[in-house]
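Input: a single structure, listed below in structure tokens.
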Amino acid sequence: MTVERFSGIYAPIATPFGADEEIAFPRLRDNLARWAGTRLGGLVVLGSNGEAVMLDAAEKERLIAFVRENFPPDRPVIAGTGSESTRKTIRLTRRAAELGAAAVLVLNPHFFKGAMTDSALKRFFLDVAEASTVPVILYNMPRNTGLNLSWQLVAELSCHPNIVGIKDSGGDIVQISQIIASSRPGFGVFAGSASFLLPTVLMGGVGGTLALANVVPDLCVEVLSFAQAGRLEAARELQIRLLPLNAAVTARWGVAGLKAALDLSGYYGGPPRRPVLPVGEGEKAQLRQMLRDLGVAVDQP
Amino acid sequence: MTVERFSGIYAPIATPFGADEEIAFPRLRDNLARWAGTRLGGLVVLGSNGEAVMLDAAEKERLIAFVRENFPPDRPVIAGTGSESTRKTIRLTRRAAELGAAAVLVLNPHFFKGAMTDSALKRFFLDVAEASTVPVILYNMPRNTGLNLSWQLVAELSCHPNIVGIKDSGGDIVQISQIIASSRPGFGVFAGSASFLLPTVLMGGVGGTLALANVVPDLCVEVLSFAQAGRLEAARELQIRLLPLNAAVTARWGVAGLKAALDLSGYYGGPPRRPVLPVGEGEKAQLRQMLRDLGVAVDQP
Amino acid sequence: MTVERFSGIYAPIATPFGADEEIAFPRLRDNLARWAGTRLGGLVVLGSNGEAVMLDAAEKERLIAFVRENFPPDRPVIAGTGSESTRKTIRLTRRAAELGAAAVLVLNPHFFKGAMTDSALKRFFLDVAEASTVPVILYNMPRNTGLNLSWQLVAELSCHPNIVGIKDSGGDIVQISQIIASSRPGFGVFAGSASFLLPTVLMGGVGGTLALANVVPDLCVEVLSFAQAGRLEAARELQIRLLPLNAAVTARWGVAGLKAALDLSGYYGGPPRRPVLPVGEGEKAQLRQMLRDLGVAVDQP
Amino acid sequence: MTVERFSGIYAPIATPFGADEEIAFPRLRDNLARWAGTRLGGLVVLGSNGEAVMLDAAEKERLIAFVRENFPPDRPVIAGTGSESTRKTIRLTRRAAELGAAAVLVLNPHFFKGAMTDSALKRFFLDVAEASTVPVILYNMPRNTGLNLSWQLVAELSCHPNIVGIKDSGGDIVQISQIIASSRPGFGVFAGSASFLLPTVLMGGVGGTLALANVVPDLCVEVLSFAQAGRLEAARELQIRLLPLNAAVTARWGVAGLKAALDLSGYYGGPPRRPVLPVGEGEKAQLRQMLRDLGVAVDQP
């Protein structure tokens, strides 16, 4: 199994909730239909932005199945399945495969930070990779986990035939370069945020799994296309134009910002689950302007 | 409802697993019987050391019920119920109360660190306190969560009549002093680790919820008793003697160290759930010596 | 040489500048006369609060000499002499001794953080201790240096007969306890900030070197006296009353806050050297209130 | 004054010391002669790698003069002049200009971290820029200073006509992109470490000031040349080959590693000033291999 199948731009989709905080499946269907009309390579369900940590086991399975059923079958759906215990991660990984996930994106356990040595993490990912019937993609997300997967560990893990790539959201371009340099040929590195998509791809990365791709998927795809076509100047210009909105839907206002941006641009965002608070009117006004600056048709206030 | 009922030393008990990683209830019963013979004020089930993040919803409920049923009814059992979402926290809080928990210990959500502003955290704890039929104790654990509950936030929350105290595992004695100085009278501050039990109590804290109290409960109680009796020199001497073993079963080797120390001292510890790795023979030898230094009868190697 | 001579409360004095940023020696003389009328055990010149990093070599020597000459000879003056290089630290240490310093307070080098291993720091402090004709007191200041002196390192260094104590400004009461437990008898631990003076002393510390002691020296001395007299309740109450002003003149507004508090309470503070900015009117109003809350006669606005 | 004059690759040169820790000027002359034979655009004297914090005022002036006199006059020498106080920074900046420095590289003050707000830093850099007769280049070095210059601050400062660029050693490619996007046209961004030279240049940076350029200057220049010639694949391959040695002479073994690598490759490195310890034989063996891997003729062990 090679990683090429997963190249390109993926959106780690937001999980839409109604006012009662239940999953709003009809709204999700509408979003999926719209994403299907873009040049996205595929979707990730149950990523960080999908508020996976807010969902219970039954909701997770239902979501994987629903997204898979409502998105074009020729485009992969990847499921986030990492949790604190090995057994729980394996259980969901297997279910995800049965429900049609083409691969799993596995965040490392992180609550017991002191215990998550390279030995423990190596054992964890190898156990999951052995047990999984679909390819495993590592997921490094230091801002949320408080831990970083070292390039040495990633290089070692890349030797397992069922570990095919990494989504690195840390944004450390040196680490990304070192992973590319030291992992086995065919192991794919995906930018974990649109703000460093172009540098990642120029250093040899194969795509991106980007919160921003929920909102402006085709602009994200265009950065990649420009880069692949050798149009560096155009790629750089677009990359730089995407920075403000990307910051707004990630580090600055997080999933609440992402959902507000979806609401403003014709998708359904809705409220985050508590305790995450929705953004206020001031933030929405700024988001509206950022979207307009990117040429996105924005709902009137 | 006042906090006096929960004063004293509590053990946040380890969750024993068998070789198959299933909860070993008979072993837990033996441990509970032994803890019942100590001067512990009560127990906490589903704390960090209880590997709560490793357990699924059904296991959690079963554990609360089992511990409550197998521990003397006059001594409180407190249940850890914090999780990433408000609704899930409320759900488990209510179940815990039904199952006999005398109070709940609520760790703050922390995955979406950037979104966990004081406003969001305040709303979270107030929502839980409103919904709970038993008293709520805040739980601050910066080493694992990557977040710190500020004393200003704690002071505000202390005004809610159903928020009766805090277990502060951060160990910042200035913050602990400021909480004591600024929270409402009757709000209780518990040391979250035995290494700063005495300073906490001397500054006005009412007890401790201590991993170390799994292993040497009566020695922990003795520190408190000495302090309350004004025997500062004896208290200090004992406090200092407890430092090495306490470090070993918390920051240094974590829950794996705690379980090994239990195994060595006549309790059942057993393996942690993967991916946490058990400690090696070298660590066990050191633990054995530390236990001996404290006068604990230790199993032969 | 034992540490008893340096027990008690020391003020690490602010260096007064005129509007031209030159050292205002006459103003300093007035401050020194006033501090001489308090129960301070002694002074520290060229500490962090003395803006030592802002001063050149000639200014440093002149300051040591001036303070020594203008303060009662029976009370020790300690000079801060730590700098990035061993040779520069030794040079100033020797000059300080010649100029009458009773001891030196040595901050660890910290610019090359990665190179400041325990081996390098051990070598540094031993080299200085060997070369110094007066006792050496270690100085741990993680907030400014970005490094922490581990208790293991301090315990080792405490075996050198010319290293007599440590000013620990980190405020980690567990580390302070471990230093007390593991260093040689007679090695003195001083609280580095008034906010944890009482816990430090209760755990076995011998005094404090406290920015706050610039402004309210006798209140700081009183905390210590209460503790030594076994009047724990009075000590605790006063300790807690000191927290707001202490925060204001340390972590919150730093040396600018300290100088404003001096100006408000009858000493001369004056401006910090640029680029440190003076506090604004809002901060001053808060400081004025905090001083009044402590019963300090405050200049009218 | 525009930044073009300073484009290309600069080496922030090591300061050679003899066994007595005095500056070894004859050895420095030899090094300078050799660097003159490379394609380096110019040199930086008194950078972090130059152990500027270890040098006294007289040594600093002598070094600037010596380097300027012993390096081809058509190639710029830039002097590091940042220190903790504004006045000291201005004083050295003016002397550096008199001694022939073409520009100054100004590290931000950082000891009083809490006081180094954007307001204070802005005032600092503007004061220096106003007082300087030569162009000012900002210097961001979070690993050593514990502070980061935000892109918002840099964008504001870039509007001053005498602030012409920044050496950013933080390596955050998103921040570097944002600086490029938001600073005034003509403001130059230089990679502060060779490990992210290519990504920086591809995003619009104009060169690099690289510790590694002490040892393998022409290889660093080649990365830049490949990038400018549109030979992305060759640039990437070389960039990746440079990663291990670059890590060794920066984050991993610091200035001690840099000096050992100089010694091994025909330059004079010599010992760092204490308390920085020289690297051991094991590290030297690894450095020797890394140099060989890059095709550098290495002295026999």
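Order of writing sets the chain letters: A, B, C and D. Residues in each chain are counted from 1.
The definition used in the following text is that a contact is a pair of C-beta atoms (placed from the backbone, for glycine too) under 8 Å apart; a residue touches a chain by one contact, two chains touch by 3 or more.
None of the values given here were measured: they were computed from a predicted structure.
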Contact-graph separation of chain B and chain D, given in steps at minimum: 2
Pair sharing more residue contacts (C-beta pairs) when C-D is set against A-D: C-D
Chain A and chain D: spacing of chain centres that average the CA atoms, whole Å: 37
Multi-partner residues of chain D (at least 2 other chains): none
Chain contact topology (line, ring, star, complete or other): ring
Complete list of chain pairs which touch one another: A-B, A-D, B-C, C-D
Complex contact set, residues of chain D against chain C: 21, 48, 53-54, 56-57, 84-88, 109, 111-117, 119-121, 123-124, 127, 143-144, 146, 251-252, 254-256, 272-277
Touching residues (chain side chain B, partner chain C) in the complex: 171-174, 177-178, 180-181, 193, 195-196, 198-199, 202-204, 230, 232, 236, 239-240, 243
